[in-house]
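See structure below.
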Amino acid sequence: MASSPEERLKALGITLPEWLAPVSGYVGILRTGNLLIVSGQLCYGPEAKLAAVGRLGAEVTIEQGRFAARCCAINVLGRVRSEIGSLDRVTCVLRLGGFLLTTWDFTDHAAVMIGATEVMTDVFGDAGSHARCTIGVASAPLGSTVQVDAMVEIA
Amino acid sequence: MASSPEERLKALGITLPEWLAPVSGYVGILRTGNLLIVSGQLCYGPEAKLAAVGRLGAEVTIEQGRFAARCCAINVLGRVRSEIGSLDRVTCVLRLGGFLLTTWDFTDHAAVMIGATEVMTDVFGDAGSHARCTIGVASAPLGSTVQVDAMVEIA
Amino acid sequence: MASSPEERLKALGITLPEWLAPVSGYVGILRTGNLLIVSGQLCYGPEAKLAAVGRLGAEVTIEQGRFAARCCAINVLGRVRSEIGSLDRVTCVLRLGGFLLTTWDFTDHAAVMIGATEVMTDVFGDAGSHARCTIGVASAPLGSTVQVDAMVEIA
């Protein structure tokens, strides 16, 4: 079995994005001591296009939402690697925040956010088991169906 | 007057839940150094049923919402005790996040979240005076009217 | 060029509020070690009135929202100075959370939150470049169009 996060990433066939969405005035990731604070990542997927736009419960299916959550998590990892060079320096994924664009009566947030959670546990193993809080939002930047922010601990 | 959080809890007649909602892939609480990060807790109350489902401003009254917020806070304490064995090891409740399922024109978030805040100040005294941010969400996991997450400092 | 945050604040003509919204049970700002956790600040502006009430995408324009976001950020700084005496002790603005009251199809969150971000970079320079997460909320305390919370590092 692959022994490091970077090796697991390769074994899983996950490619981290070369293109990271530019931000204005603020930063995509910030490091203080052994803590990384990752800004909210939209669900940019292949070809730097949003994987899903619109509301779960209406225009977007749970399957599409789960893939969008996966894309967000991969973008989180892209930010982490761009900041510290290698995912192998991560000691613990502390927390994910999940922000899902939904109709008011949508209730299956867990079935969507598992797409982000699985990326972390697949890549980091036990060190990827994070705390999490998922909510439904009324609107989202650029209409991104999913946004994920994170706190990550490094050695 | 009762002198420790565990004694105050008993004096207040608060019983922490034996049943904690299972989570998939992530963890209900995570510890790093002297910091506990508590995942979003839904308003499970007596008999492990959600205390309120639906929107403040429509199906759910402020009184019901306040009780639901109280249940969330008690579940936060349940997670804390399950992680560190005793609430007496808590030195400070740093922050609560409050996520209320509401109609778009609901404005009385403070009257609901006081239900969570009071649990912390009743149990921990000055050490329970936390920072807080409360918002209205468009949808919630399982329709839970209130969700509360937390950061807690321990000795 | 002005060399300290307090001097820049003066050069920018920004006056921090003397009136800070009272909170019930919790605290407006909390300090632990070299970390300040700032509670969600509503968009109180001149004369302690909310700068904007209602939804972006409907009753409130982007320009009004941007000003409201600026007010929130100034209130964050008011909390910081009230806690530690001088903004010159700030070493880094770690993170801003932006909570915008919007219609469900609003997508231009960045054009609003820049109003909060600019306050931080104008006052602190590079030390003001924070991580950020902005979402659309379904409802807000008192109908405040913008709410901003923060984490700030001090020496």
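By written order: A, B and C. Residues from 1 in each chain.
One rule holds in what follows: contacts are C-beta pairs under 8 Å (C-beta built on N, C-alpha and C of every residue); 3 or more make two chains touch, one makes a residue touch a chain.
Here the structure is a predicted model, which is why all the values come from computation and not from measurement.
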Cα superposition angle of chain A on its copy chain B, in degrees to the nearest 5: 120
Same vs different contact residues, chain B with chain C, by half of numbers used: different
Distance from the mean Cα position of chain C to that of chain B, given in whole angstrom: 25
Residue list for chain C, restricted to those that touch at least two other chains: 104, 136-138
Touching residues on chain B, where the partner in the complex is chain A: 23-30, 32, 37-40, 55, 97, 99, 101, 104, 136-143, 147, 149
Residue ranges of chain B touching chain C (in the complex, touch as defined): 57, 92, 94-96, 100-110, 114, 117-118, 120-121, 129-138, 151, 153
